[in-house]
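Structures for review follow.
Look at the two complexes coming up: chain A is in both, with chain B in one and chain C in the other.
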Partner chain A sequence: MRSCRNTWTLTKRELASYFASPVAYVFIIIFLLLSGSFTFMLGQFFPRGESSLAPFLMWHPWLYLFLVPAAGMRLWAEERRSGTFELLFTMPISPTQAILGKFLAGWLFLGIALLLTTPIVGTVEYLGAPDWGVMRCGYLGSFLTAGTFLAITSMTSAMTRNQVISFIVSVVICLLLILAGWPPITNLILEWAPWNWLVEAASGFSVMTHFDNLQRGLIDVRDLLYFASVMVFALFGTGVILKSRRSA
Partner chain B sequence: MKNKNNALSTYLFSTMGLVVMAALLVALNLIVGMTSLRVDCTEENLHTLSKGTRDILAKVDSQITVNFYYSRDLAELSMDIKNYARRVEDLLKEYEHYGKGMVVVRKYNPTPDSDAEDAARVDNIEPMNANGLPFYFGIAVKCLDETQTINNLSPSREDMLEYDITRAIYRVFHTDKPRVGIISTLPVMGSGQQNPMMAMQGQGQTPPWLVAQIMEQDYEVEELPKDIETIGSEISILLLIHPKDLPEKTLYAIDQYLLRGGRILGFLDPMSFAEQMAQPPQMMGMRPPTGPSDLGPLLPAWGVAFEKEGDEPGVIADTQYMLQSPGQPGQPEQVFPTVLSLGRDAVDKDDISVSQLDDIWYVNGGAFTFQGETGLTRTKLLLSSDKAGFVEKFQAMNLDPASGRRLLDSLKTDETQHVLGLRLEGTFATAFPAGAPGEDAAAKPADDEKKDAPAADTGLKKSEQNGIVVLFGDADMLANDFAFVGVGGGMGRQPLFYQPRNDNANLLMNLLEWLAGDNNLISLRSRGIKKRPFERIDKMLADANGKLRAALDEVVEEQKAANERLQKLDEKKQPGQNQSWYLSPEQREERANLKKKVEAFEKRRKELSKEYRHDVDSLEKRLMVLNIWAMPALVAAAGLALAFAKRRRMAHK
Partner chain C sequence: MITAENVTKWFGPLLAVDDVSFQVERGEVLGFLGPNGAGKSTTMRVITGFIPASGGTVKVGGFDIDDDPLEAKALIGYLPENAPAYPEMTVEGFLKFAAELRGLRGVARAEAVERAIRTCFLERVRHQMVDTLSKGYLHRTCFAQAILHDPPVLILDEPTDGLDPNQKYEMRELIKEMGKEKAIIVSTHILEEVEAICTRVIIVDRGKLVFNGTPGELKSKSRTAGNLRVRVLGVPTQDVVARLRQADGVKGVDVLDETAGVLCRLAGKPDPSLIAQVVVGAGWKLGELAVETGRLDDVFREITISDTVAEVAQ
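Coming up: the complex of A and B.
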């Protein structure tokens, strides 16, 4: 109970710190501008003539690919660079609480950015009769994808003091997670090793496969477990790395 | 204790711990991967295959490959097709999911001269033409050597997609032709031996009806004698076409066939026009109408009866659905109140066998009422409009416009939709509770008595297995003259070929196919898929279109009038000197004014065409700007406001 309170206290502090700097606003503005432009220009929202969020949600993994590492690269790298890293652990909180607190703050921040896209929901409702179940699932999928990428960024951020390196490494890992289920990549795997199970395993690691199901209005326990697993693993990895850095 | 915790933490948060954690998570994913716990959040349960499909997939014991061909790279594809292709892929994913490894979906993108195009050709997928380029959009279901193809997928048939795919899967496993037994008074299987009446008239042998010829492509069709005593289970479907005056023992055989889980498709008739026309002419060349086919005690046992006019089954006349054709110039249009042309409004939209049919002709047919409680599931497949009434068969015996007009004038309609086609499913009770009907000793050879004696004892009193009866109150709808139209051949000669006049043959084939399927296939219904267009934009476009048309009509009328005046003015021109044309100055001025007017109208017409999408375009622009810029602007404003507030607080301090 106390650990929860500690985590929540840190989460609130971190979340407030996001909004204390103009970076948060710039991030949100860029996210909203890009997601809006992609929806209407590349996603062909009007020519599709369909009351659904598909042309809006389809870009989210690609937007998160760059924006989430940008938002999360400072999670630990900044603490390490400015020397507040050790200070953090002198506070009466455990490393797990610190990791969770920082992660939750970042995730909530991304959630707030996502919530600010609701005018598109209003637009779709105004124009037609959308399926609200599918829309809710789509938002859930987008939020989980953001969390997954943030957890990975948290891990890469713990690896280095340099935020740029953290950014690049997390972009590469997230890109791999996106592309693992992409047909050109799976075809390449098939050419290299013609085993179907390998392709299936690779696709199973892809964020897209799991996000796609949610985007279609299908909540599958396997998809939820996938997102949870990647997050748990990445945050656990963050803990392992931080521990090794502290003892080093 | 603290040391122990520290030690555990040291082990846990190590590279080894990370590897163990990864292994644990992968194992957990693999274990959970074997389950299929999921929630379909869509309004129409789009991702939930119906129980019938799931049961069929559960029985699949060899690998099935579903090849989905879709030329996705074709630039000309409409959004409708693109969206639909995505939904097809979604549904195929569900087949893969419920197939539990036995169903593998492969996607192909056939482009000209590609391997995928070769594969499509091998699978008999026919390309459509998209601006001169081949567009492939179909599904091939393969199992061992068997292939079933669904060509030309179309969004208009989306509610049938699950049925089509499941049927294809079912068919790759069940390759035998089902057997259809026909009992009919009409020469459905051709005249000659079968129809002594026509032979007596010296009309020689005529070929089977076209519907029978079509049936023979997919079924083993066998004509059963009208005095048949037992109908075996080798008959998959019993097809009754105007089964008039059947002996009791045949009715008993039909009854017992149904109780053994048989499937009956009946086209009954209060008066058969085809039979009437086959009669020899009587007084004044008239052919009197013939009697009804009402299956004796069977209909009451099934809780169904013909609606009557007088003492006999009435012929339905429908002022809304009646067949009409334009008359001679200056004459009123020709009407045939007893020939119904039934469109989508008349059919059950949830029923797979009829929901896609656009035009069913119903010729001098009757209507049914349901009677009593039978415990059967009753479905109305085909309905008249609520502006229909009944006439006696003598009133309907002449199918000519004059009779039609007379009939229409005297017709009394009620505000009820009458049942023209129906389906009964469930546990039927026998129509012969006292057992097999007694034998006519004179008509029966003595040695048959032995056979019949045990039959009376072992006769079923109620269904062993669920039976199905589909009934229509018209048999003429299947006759060549009403279901097909001859093409070519010239006057007095046989047509070169026939083509369907309407959907009557499709109705028969759909029903046979549906009845021949297994129970799971039969249980499938149309999926109520809701299209979700931008209704507001569609309405705006429709309104704009209406306004544009009205405005255009006005402009075109005025333009036409101005042109006519201009032409008349030109006719008044006088040849002057030098062969030039002479107009008075007033005429010249009027002409110039009219020309200006015509040009102005032309300009206005172009402007109106541009204005057509104006409102929609401006709405789209407003929404786009609102979505892209409004929220970022608000966030920026909020950020700046907070920054100012903070600065002021700092300044105060």
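Coming up: the complex of A and C.
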């Protein structure tokens, strides 16, 4: 009970600090502008003639690739640069509570940005008769992808005081997670080594494979497990890195 | 309240703290002295549980900082060096946040924040953002955070650093007052501060503990401790020096001042009553006679080797 309250205290503070700086508003505006323009221009929302969110949601992993590291790079880097890291870790809270609290704040923030895109749902509903289950599933997939990228950014942010380094490293890792299951890349692997199991193993690591399943409206435990395990792994990694940063 | 036993800390190949042991009880203000880079901050960080020790144990109120970190940390109020605080929060918001992490809720939280704001004179800036605070206010805000939960143990890393003389005075009075019932460790390199507030002094140099005792004991180790200052009025300087040099126990005579009579320092710890007899016996007028208690900065320099000296030796 006490531990939940500590985590929530940290989450509240961190979430408030997002909105105390212009970063939050810049992030939200850019996210809405890009996701909107991608949907209607690149995604060919109208010519498709489908009442689905596919042309909208399909771009999310690519948007998150840059936007989530930008939103999360300060998580620990800033804390270490300003010295409040020392304050936090001499309070009677456990490292798990601290890591989880800060991560949840970032995730909630991304969730708020995602919720602000719901007018597109209204548009689809107005124009046709969409499948609500598929749309809910698509949003869930988008939210889980954001959380996965954020957990990775949390880890890279713990590695350094420098936010730029944290940003670049997390973009690279997230890019690998996207590309591993992208058809041009999987075809390249197939040409180089014509074994299906290799391609399957590679695309099993990819966010895209699991994101696509959810976009199609399939809720598979394996997909949920994938997102959960990458998040847990990255947050555990954050803990290990923070511990080693404190002792050296 | 605080027990440190054989605390050792390596940073890679660098030995920052070398087998340091000491105890602090309630009612004590322990001054933690040492040159820059001697391991003061590192030792404090080990005690507060921020960094793990490479060897040795630290216990706070009976709780081991490694085995029961949450229980031990709950007893400590800590002011880190440079007084960090979240820049985008208001002073009041920051204190409320810290109070919540200390497990204070509702009325208890509000009361704790009000008390800390009053104690640290933060009323004027309570709604101001932390990053717009002056250094003195920032320091007091972080200090307020340390005393929110009225902890039995206070660990203050250079609490008067960057404060103006008035603020320094207030901070020292506050520490002295709190030292009556708490166990306090204060690190500093300002020696006058040690005399003003500490009941006991520890000196570390290159990670090693080189002195542990009262400020009085520290001063008495000074080479100048026990020397006499004597002022003789209306007599030529050379006469005074010649006569005093022959007195029993006097190993040397330095003339310090000749503007109002002759002020001399007599080295070798001579007996003051004997010197008084010599002066009066010669028919001179004695203007002043004092035993020097020793100067802390002299002892400090003798006990700790300065970096330049050590480099030359190497």
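The rule we apply is simple: the second predicted complex is superposed on the first by the 244 of 248 C-alpha atoms of A that agree within 3 Å, B and C clash if a C-alpha of one lies under 4 Å from a C-alpha of the other, contacts with A are read in each partner's own complex, and residues count from 1 in each chain.
In this section, a contact is a pair of C-beta atoms (placed from the backbone, for glycine too) under 8 Å apart; a residue touches a chain by one contact, two chains touch by 3 or more.
As the structure is a computational prediction, the values presented were derived from the model and not from experiment.
After superposition on the shared chain, chain A has more residues touched by B, the comparison being chain B against chain C. Looking at the shared chain after the overlay, A:2 reaches chain C, while chain B stays out of its contact range.
Of the two partner chains, chain C is the only one touched by A:13; chain B is not. For the contact definition in use here, the chain B contact set and the chain C contact set of chain A share no residue.
By the touch rule above, chain B contacts chain A in their complex via residues 9, 13-15, 17-18, 21-22, 25, 28-29, 32-33, 35-44, 46-47, 79-80, 82-83, 86, 90, 530, 532-538, 620, 623-624, 626-632, 635-636, 638-639, 642-643.
Every residue of chain A that touches chain C in the complex is listed here, in rising order: 2, 5-6, 9-10, 13, 16-17, 20-21, 82-87, 89-94, 246-248.
Interface residues of chain C facing chain A in the complex, by the touch rule stated above, are 11-12, 45, 48-52, 69-71, 73-74, 76, 78, 80, 82, 84-89, 93, 97-98, 100-103, 142, 145. Of all the residues in chain A, the ones that touch chain B in their complex are 19, 22, 24-25, 28-29, 32-33, 36-37, 39-40, 44-52, 54, 95, 116-117, 119-120, 123, 126-134, 136-137, 204, 216-222, 225-226, 229, 232-233, 236-237, 239-240, 243.
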